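In structure tokens below, several structures.
The two complexes that follow have chain A in common; it is paired with chain B in the first and with chain C in the second.
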Partner chain A sequence: MPQASLRKEHFGKFVAAVSKGRKFFGPLECSDGVQLAELSPQDVPAFEYGNFTLPPKRFFLPRSEVIAVHGPGGMAATPPSQERVVLFGVRPCDAMSLTYMDKVFIDETYVDPYYRSRRENTLIITLACRQPAVTCFCASVKGCPAGTAGADIAASDLGDALLLESITDAGHAFLAEHAGLMGKPSTAQLKARDSQHADAGKKMSPVDVEKLPARLQAAFESKTWDDISQRCLGCGVCTFLCPTCHCFGLHDEQVGPVQRRVRAQDACAFPTFTLEASGHNPRTRQGARMRQRVMHKFCYAAENFGELFCVGCGRCIRSCPANLDIRQTLAEVPE
Partner chain B sequence: MHEVEIKMREAARTLLESGKVDLVLGFEQGSLPLRMRPCFARNAGATVGLVWNDFCANNLAAYLPGLFQKPADVRGSWTAPTVAVVAKRCDARSVIELIKENQIPRQNVVLIGMPCQGMVDPRKAQEAAGANVTACKMAPDKQVELTTAEGGVAMSPREAILADACLECATPAPQGADVEIPGPSRPSAANPYGRLSEFESLTARERWDAFVGEISKCIRCYACRQACPNCYCKTCFIEQSKPTWAGVGDELSDVLLFHIGRIFHQAGRCVGCDACVRACPKNIDLRLFTRKIVKDVQELFGYVPGMSLDEQPPLCTFKEDDNESFITHP
Partner chain C sequence: MSTCVSANPYMAKPVTVQKITVENEARDLKTFRLAFVNPADRQAFAHQCGQFAMLSVPGAGECPVGIASSPLDGDYVEFTVKRYATGVVSSALHCLEEGERIGLRGPYGNSFPMTAMEGKNVVIVSGGFAFSTLRATIRYMLAPRNRPRFKTVTAIYGARSPGELLYKDELAAWNASSDIAMHVTVDKADANWKGRQGFVPTVLGEVRPSAANAIVLVCGPPLMLKFTIKPLLDMGFAPDMIFTSLERRMSCGIGKCGRCNIGSKYVCRDGPVFSYKQVLELSRGQF
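Up next, the complex of A and B:
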């Protein structure tokens, strides 16, 4: 695994060099906390953060996008974006979420050209977690604070320097391209990384996900769903902040003289998600809507893709206005 | 504080045991530091889990309109429940507005009025400690002790970590509740619109820029709407399809339209409980704008929402001498 050390004092130069061919997004202190924002060489990146409010899925499946416009010649599809992007500072849980999204959007039968083009043109540099938040549980769902799944390059913060290790071919090429700014990591640096990674992994409370798909199948008709969902306010926080929630709707809009087709993320917590044109709604209760979200992640995804679609990032726990906690919800599913 | 909690629990237990109510809406221990969460107690045994402290922030009135609607999948007869609500004065004022707007039947609601010292804003507590806060303990001299995940302890004045809404609250003490729990409340704020003066001193252009700057952070998750007791429309205008008032996506004009619509619908109705601000995952300062609208209505029509059941809401009345100074002619 090729390795390199980048001194933080050279980070601006690094951004400048990368920006010649790509848009560079990195952690930046914004009015609503540290966010993954476009960096210029003058910006001071924020290396101390738990995780970004929004998961990186917006770079691949935006909240909304125009996919076709109706013109004089009929309906014309919007060409997929070819913009080359680097995302620096993605947390390992979020990088892993992209490998799950790939199973949905780039499978053998169905390929989403918009998603695929953005994935192919984006290089992911993760930054290992030193201090998992109280809401983190990646270690219970195949993750790890220093995991490399979904990363092209995995970085560790060693104080005055970053240790970069390339994982994929694209990552190897990227490190080679910018080798001029980097040095060879010292033995001390490698040791520091190892102990840091080992420490971070010990700080999370475990969540029992064993036999979840079967337990959920058996609990489909359980009254538990209505009990748990009493508190649910029916907003889209958990869905829109989830790195793997990917349901979307297609809408035809007229803007002035222009007719266009928009793809927008949707949320199964909303009653309109299943509202049919006839006026019938098969999911009238919030309990049924919440069950759908939990089943989709922890049962249907396992059946369809062999994975639980949860990476333990904890965003749904941290931001739920009613403090619904997915860890407790899973524990309350009857045996 | 503990005494208040015990008395509230007793009141809840008595109401359930006597059969006066079917449900007590209160608070229970949450799963995160500095968080309590809504609790639905349906029998006397469940009241042991009810808590009262500085973290009972949610406005439980938001759950009420839904409880009095016959569920869509229930056929035949259905009886509306009788519900007791553990309510801070802001929550109780929301209930009064909901009664006046015919969303909840007065005879089916029992207000348990709580004395209020103001609720802690977890985000402010995190900032004050500069790290992951895992516990918050009231200390003498109006100080709080914040313990962090790293094992550190930080002290902060209690006032410094209270929610902005509580610092500006004009009505912290319970009044007009069906069951009033005795206890100390914080004093009423001298100027409930204090934070507005800076915004109001801006030019129209600057105010628009400030509004757009804040609202452009929105991801349209509708947490503000869902957490708001006043947002009970069966279909929100933003989701109507005949006609479609706005696009579904996150284009700025669509996002602005949603918030302009929502904020204007709060005129003469918002009690300033801060539910929208607390619910927003993007920390958008929605309260600033609704407060402005509420202040305008107070100045123009002399109406403050949720103060009494008898006062007619300004949007439901017409008087010949109504102020019309804000109507401009082309």
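Up next, the complex of A and C:
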């Protein structure tokens, strides 16, 4: 695996060099926490953060996007974006979430051209976690604070330098392209990385997901769902912040004389999500909607893709206004 | 299922509304005959009985509708659409006039088990406007070149009242045909109705089709399904011989938007046709 060391004092030059061919997004202290923001060479990146408030899915599935304009000859499709982007500092859990989204949007029958184009034109540089947040549980769901799934390049923060290790062909090419700014990592640096990675993994409390799909199936009609969901406000912030929640709707809107079709994020937490024109709604209760969200991630995804659609990022726990905790919810599923 | 890796699966193809038929007295059921503007789109559109497509009215949006015409019908595709006051797209469709242009994408989903039905006695039980995809199936089976592939065809179809029956000309023709045993019924007769009166499950009990070497297709409102499945099971139809078509709100039609799942299955992609055996597994027998 090709390796390189980038001194942090050269980070601005690195941003400048990369920005010649791509938009560079990296961690920046913003009013609402550290965000993945477009960086200029003068910006001082934030290297100490648990995770970004928003998951990186917005770079691949924007909250809303115009996919076509209606015209006299039919629909004129918006061409998929070809913009080349680098995302630096993505946490390993979020990078892994993209490999799950790929299974949905790039399947063997129908490929989503917007998602695919953005994926193909985006280089992901992860930054290993030194200090997982109290809400993190990636290690329980196939992840790890230094995981490389979904990464083109995996970076580790070694204090005064970043250790970069390329994983994919695109990552190898990127490191080769910017080799001038980087040096060969020392043995001491490699050792520091190893002990850092080992330490980080020990800092998370485990969540029991073993036999979860079967337990959930058996508990489908359990009263537990209505009990737990008593506290749920149905605000949908868990779905908005979840790196694997990908439900959307296609809507028409009129802006001035232009009629266009928009794809916008939607969420199973909302009662209108499944409301049919006839008035029939298969999920009228909050408990049924919460069950759907939990089962989609921890049961149906396992059946359809062989993976749990949860990467343990903990955003849903941190941001729930009612303090619902998915770890506790899973523990409350009857045996 | 065809592979569409290079195309943009969200783009509707332009179609012209060739003909609009008002089907019922309440005037909330219309059949739209649509013709593709581009011959290449027509060529590419190869559907099977039981599939659906997304109808797209610019400015209003899209909705899924079962295909009511047979794959053997001419250069058009037909859809019977019920208008709901709260249905944005169904209302927009009902405001259309002949000659207007809308969009269509599909066909989507699986189909009725046409191959498994070959060499078998086919029983069709239906109520209300869920009859549309079964009308496509009957038209397909009764086509002279297809009829020998199936044994007896028995159909029971009911509506609330005589004025609510769909496809009245075809019903009359099928009543007179020896290719199909057609049993039309209404929940409540009026003064002019000479036919059968009674709910679909009751008529099913009177007709009592044999379960031997048979497959039954059942489409209708959930209540009708509920009261039809039990007599079918009692008559000896096994759960994997009974097929129905399910509906859910949909947006993408291709298994991505996460809206229409029942358990781990998407109605748009894995359905809309499911055997009753699958319904038992997926939703514990609930429709």
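Quick note on the criterion: the second predicted complex is superposed on the first by the 334 of 335 C-alpha atoms of A that agree within 3 Å, B and C clash if a C-alpha of one lies under 4 Å from a C-alpha of the other, contacts with A are read in each partner's own complex, and residues count from 1 in each chain.
To be clear about the criterion, a residue touches a chain if its C-beta (ideal position, glycine included) is under 8 Å from a C-beta of that chain, and two chains touch if they have at least 3 such contacts.
Because the structure is a prediction, the values reported are computed rather than measured.
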Partner chain in contact with A:273 - chain B first, chain C second, else both or neither: second
First (chain B), second (chain C), both or neither touched by A:91: neither
Chain B versus chain C as contact partner of A:289, first or second or both or neither: neither
Contacts of A:251 with chain B and chain C, given as first, second, both or neither: both
First (chain B), second (chain C), both or neither touched by A:133: first
Contacts on chain A seen with chain B and repeated with chain C across the two complexes: 249, 251
Contact footprint of chain A on chain B as seen in their complex: 30-33, 35-38, 40, 58, 62-63, 71-73, 132, 134, 149-150, 217, 219-223, 225-227, 239, 244, 247-251, 275, 278-279, 281-284
Contact footprint of chain B on chain A as seen in their complex: 31-33, 50, 53-54, 62-65, 131, 133-135, 203, 230-231, 233-237, 239-241, 249, 251, 253, 255, 262, 264, 267, 270, 272, 281, 284-285, 317-319, 321-325, 327-328
Complex contact set, residues of chain C against chain A: 1-5, 8-14, 37, 56-63, 82, 84, 86-90, 101, 103, 247-249, 251-252, 254-259, 261-264, 269, 284
Contact set on chain A toward chain C in their complex: 67-68, 70, 72-75, 77, 104-105, 107-113, 220-221, 246-252, 254, 259, 261, 263, 266, 268, 273-279, 282, 292, 296, 299-300, 303-304
